[in-house]
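Two complexes are shown next, each including subunit A; its partner changes from subunit B in the first to subunit C in the second.
Showing the complex of A and B:
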């Protein structure tokens, strides 16, 4: 029975991810040595992609670590609000972030005077600002949790024996949180190297082309699928290597049960605490708040420019796709995790539940390109195109919703199931009357995360959608591409409100779960 | 009349084996099971409940052979060390959970559950959410749920071990009285001799999956077997 339940996950993994990716590799590696290794521009692009990813991820981890430290260790004033705001903002789609940064630091923006050099916000500045905005929540969450959960008794003992705080940090605290730093660095590096819209809108020129942008150009502008497959293969090979690094970094990242919560690194005087709090809040407002404020300021005033009929149609299509993604991802993942929960001795089932998380290590363009070359008839048929968008987004949503669902199953213990069984409940009665009601909150949380991701996703819609099909995020992308920034701002206000509402509810539900 | 009969039971879990040639429990009797850790106490309960398949032997309840039935068809209610209440339900909904499964009408479910709440001396908890309960209250609800379902055999797997001494004392007397009043039989596993002494009528002592002694409370107390004495005095 449990194997039947895991079949949908197995099917989507093989038919939606593994087979298309293998096919893509086969196409991409055909003339690999001639076309890729002897192309100086592509070699430059590879070099630039990973160099900017390195700089972006170092700064993201640095800022994320600093924020996590200030919130969890220093306990700055309003820390819990700061934590929520930071996590909420970084859940926003890259396209909104790019527009916000352009609106703030770009020509005519609130802070354009500060970046008045030759390139302004375009180039390194924009890329770094965008990637730090989007990725600093990874170290914030991972390092923040590691800081909160660590056992502080060794630090207190060392302090009582006369060790300095700096030495304690270097010799005791840092080794304990090191796995979370390494892990968040690898993830930030991966996401910076595969990001598309930040580089596309904030890069500015061929000098700032990354692999993902080249891939986008090959698919959409040059309509050169064979070149696209070669670029995608390069990216997929590097992503796979990063995946192995990530897996290695996971070893030993489990933390001890907490014993003492009293920190020794809290500021010792009131005025230091006040300065720290002000600094932290100013940094967050400067880097995260201003772009969002700029979208709201620019967008609210021009809402009347929007064509309400087109907007409603785009919103309906976006919601329809989001609903499809929510339903499909739960329909695939829930039975698999149910099977793993009830047969936790099966290594094969556990392995499969881990494998469905793989697509997150690859860029959405690579996965979408794989689907489009493996199923070439997709683009010619509206129904198939919608299905492809839903399937591709589902592949990326499944890794995200694994965590709330797994946490839900952890709360629904095996003993509760056995108790219900001993009271006479059969398999279906246990599912309907005990398991399902216990999992309700996790299911709502997962569906909201899936919907939130889907609403902001552009790459798969861009690749598959027929000409007459518009989603909200695609409309924003097209308005930006045509330099119709007022329209883009107005639509972004609407998408932003919807996403803030969704992720606000997600945050509340996560809080209740804690 | 013998109500519960276990004969030639053989259970294998990895390298561990539990063997019981014969064991009988009368209606209204509470059998206490004692033994060191790993002696097979919980394995015995779980094999009767159907969660561990037995390799050989028979278990019959009121003449009905249950050893090959699915757990939900055995009519044997199990109470764990932790209460494991259903968190999405209120106290009263937890108590009538088993009755609802049997197709009893909602009004009758509520009436019977309220009756059990009174018997368990917790009527004020009727509409509470389960996470609002203390450990002792939650265990009373768990016991009420197992008693309310009306099965003839109750399996109690160290149900008092997480409670403090005064609560423990009150609850074992209450459980003994309610089992007797309802005419059920029960098997009570414990590592604490006081639980057995105050709640059970007969005692089974296990060691490494084998029966060391089985008899009335008085017989076990009077036993001169050093292994029995060691386990009871531990």
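Showing the complex of A and C:
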């Protein structure tokens, strides 16, 4: 029975991800050496992609580490709020971040004067600002958790034996949090190398072209699927290598259950603490707050200019897709995790549940391209196009929602299930009366995360959507592409409100779970 | 009661089925929507035929054309509007478009029609040019394209469009190739240090220029007419080159898969009618394709530059190579 429950996950993973990706590889590796290795521009693009990813991830980890340290060790004033704001910002779609940065540092923006006389926000400045904004929450969360959960007793002992704070940090603290630093660096590197909208809007010209932008151009602008498959293959090979690095980095990273919470790195005087708090808050407001404020200020004033009929239509389609993604992702993942929960010993089931996390290591364009070359009729047919959008987004949502669902299953006691079974309840009755009530909150949380992700997703919609179909995020993308910033800002305000509501509820539910 | 309900349902269904299908026109977005030539054409077309035009708009005309390719045999487009000559070279031999009689082209400025072609119907044209703000920059008169950057101070910034994503960008690339020949690379190498950014499209580039982030922008000789008419500003001016400017011609194409070819032909007729052509100048900020149409005085104040002669067969054969060469070169020299 449990094997049957894992079938939907198996089916979508094979037919929606593995087979299309293999097919894409087969197409891409044809004439690979002639087309890719001898194309000097593509070689330049590969080099630029990973160099900018390296710089972006070093800075993201640096800023994330600093913020995590200030919140968890220094305990800056309003630290819990800072933590929530930073994590909320990281859930924003890349397109909103690009819009915010353009609005603040771009032509006519609040901070454009600071960058005048240079290339402005375009090029390195914009790419790095965008990637740090999007990715610094990864180290913030991972390193922050590692800092919070570490056992501090060795540090206290070393301090009492006269060791300096710097030496304690280098010899005791750093080794303990190293796995989280490595892990967050790899993830930030991966996401910076596969980001599309930041580079597309804030780059500018051949010199600032990444693999993902080349892929977008080949698919959307040149309709050159063979070139797109070659680029996607290069990217997929590198992403797979990063995945292995990530898995290696996770080995040995564990958190101590018995924690000693007295910090030795807290500022020793009040005024240093005040200066630190001010510095931290100003930095976050400057880098993260300003772009969002610029969107809100510009957007709210022009809300009344929006075409309400078109906007409602786009909102309905967005919500429809989000609903589809929520339902499909739960319909696929829930039975699988249920099966894993009830059959702990099955390695195959555990392997499959691990495999569902794979798509997050590939860019959405690569996965969408795989689907479109494997099922070529998708783009010409409205119904199939919607299905493709929902399936592609579901593949990316499943890895995200498996954590709240797994946590839900961990809380759900098998003893209750056994008691109900001994009282004569059949499988369905046990599910309805025992399992479902205890999993309800996790299910709602997962559905909300799925919907939030789907609302902000553009790449799959951009690739598959029929000509006249608009979603909110696609409308923002199109307004930005046409430099109608006021329109883009106004629509972003609406999307932001919806997303803040969704992630606000997610945050509350997570707090309750904790 | 039930009888009335079903009767009204059938009546509604019958009315819905007899309502004529709208004419679907794929175009770029500044040709559709509010206060555009598209809106004007829709109103007139509805009056003339009782059929509405349904504009499906895209970021660029290239994207509109791509959509037709993507939809393949299932495309529901009847007309493609706003395709330029460079883009047209890519598709002209594919047999996708309806041939039209010579009478369709009779009223047009003769040089706009491509030799031996009867599918691409020109409806407007304009000359590419660099614009500058005379309050912020000074330009030497009577220069050639190759000398444009000569004498630029280091701080002067130019914003151009990316030929990989923009029609205007690719036309500028063709212009520099056709005019400068072997001097193409030298020109781009000297321009590169002054490029502020290579924008994906016209709107982005123009925005940077208007917000005073760049001193020059690639646009059309007729763009200043907009500022003169709409804003009463006379400081935006084109740089005129003595050796000529690239002429962009935009056209309409009827798809031969369309089930409404007759309506498509009526649309083309309306597009080329004298009254519609009179609207071209102040909606499109381009020259109308009919020579005898009267232009606003602000248009007459702008000199018509010499046209660069383009060998379209060479462009069709070599454009991709030029683009590759340019992309590689710019990845090395762009600052």
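By our rule, the second predicted complex is superposed on the first by the 512 of 514 C-alpha atoms of A that agree within 3 Å, B and C clash if a C-alpha of one lies under 4 Å from a C-alpha of the other, contacts with A are read in each partner's own complex, and residues count from 1 in each chain.
Note that a residue touches a chain if its C-beta (ideal position, glycine included) is under 8 Å from a C-beta of that chain, and two chains touch if they have at least 3 such contacts.
Computed from a prediction, not measured in an experiment: that's the story for all the values here.
A.B. asks: Between subunit B (first) and subunit C (second), which does A:108 come into contact with in this model arrangement: first, second, both, or neither?
C.D. replies: Second partner only, subunit C.
A.B. asks: I'd like to know which partner A:424 touches here: subunit B for first, subunit C for second, both or neither.
C.D. replies: After superposition on chain A, A:424 lies in contact with subunit B alone.
A.B. asks: Check whether A:244 is in contact with subunit B, with subunit C, with both or with neither, and answer first, second, both or neither.
C.D. replies: neither
A.B. asks: For A:354, using the defined touch cut-off, is the partner it touches subunit B, subunit C, both, or neither? Pick first, second, both or neither.
C.D. replies: A:354: touches no partner chain.
A.B. asks: State whether A:81 touches subunit B only (first), subunit C only (second), both chains, or neither.
C.D. replies: neither
A.B. asks: Which touches a greater number of subunit A residues, subunit B or subunit C?
C.D. replies: C
A.B. asks: Would you check which partner chain A:51 touches, where first means subunit B only, second means subunit C only, and both and neither mean what they say?
C.D. replies: Neither partner.
A.B. asks: Let me test your reading of the model: by the given contact rule, A:286 touches which partner, first (subunit B), second (subunit C), both or neither?
C.D. replies: Neither subunit B nor subunit C is touched by A:286.
A.B. asks: Counting only touches as set out at the top, which of subunit B and subunit C does A:305 meet: first, second, both, neither?
C.D. replies: neither
A.B. asks: Okay, in this complex, where on subunit A does subunit C touch?
C.D. replies: 40-41, 44-45, 48, 107-108, 112, 116-117, 119-120, 122-123, 200, 204-207, 209, 217, 220-223, 379-381, 467-468, 478, 481-485
A.B. asks: State the interface residues of subunit C toward subunit A in the complex, per the touch definition above.
C.D. replies: Listed in rising order, the residues of subunit C that touch subunit A are 26, 29-30, 56, 58-59, 62-63, 66-67, 69-74, 155, 162, 164-165, 195-201, 203-204, 206-208, 211, 213, 324, 326-328, 330-332, 334-335.
A.B. asks: Which positions of subunit B touch subunit A when the two form their complex?
C.D. replies: The touching residues are 49-51, 70-80, 82, 84, 86-89, 97-98, 100-102, 142, 145-146, 149, 151, 155.
A.B. asks: Where on subunit A does subunit B make contact in their complex?
C.D. replies: Interface residues on the subunit A side: 411, 413, 415-416, 418-426, 429, 433-434, 437-438, 440.
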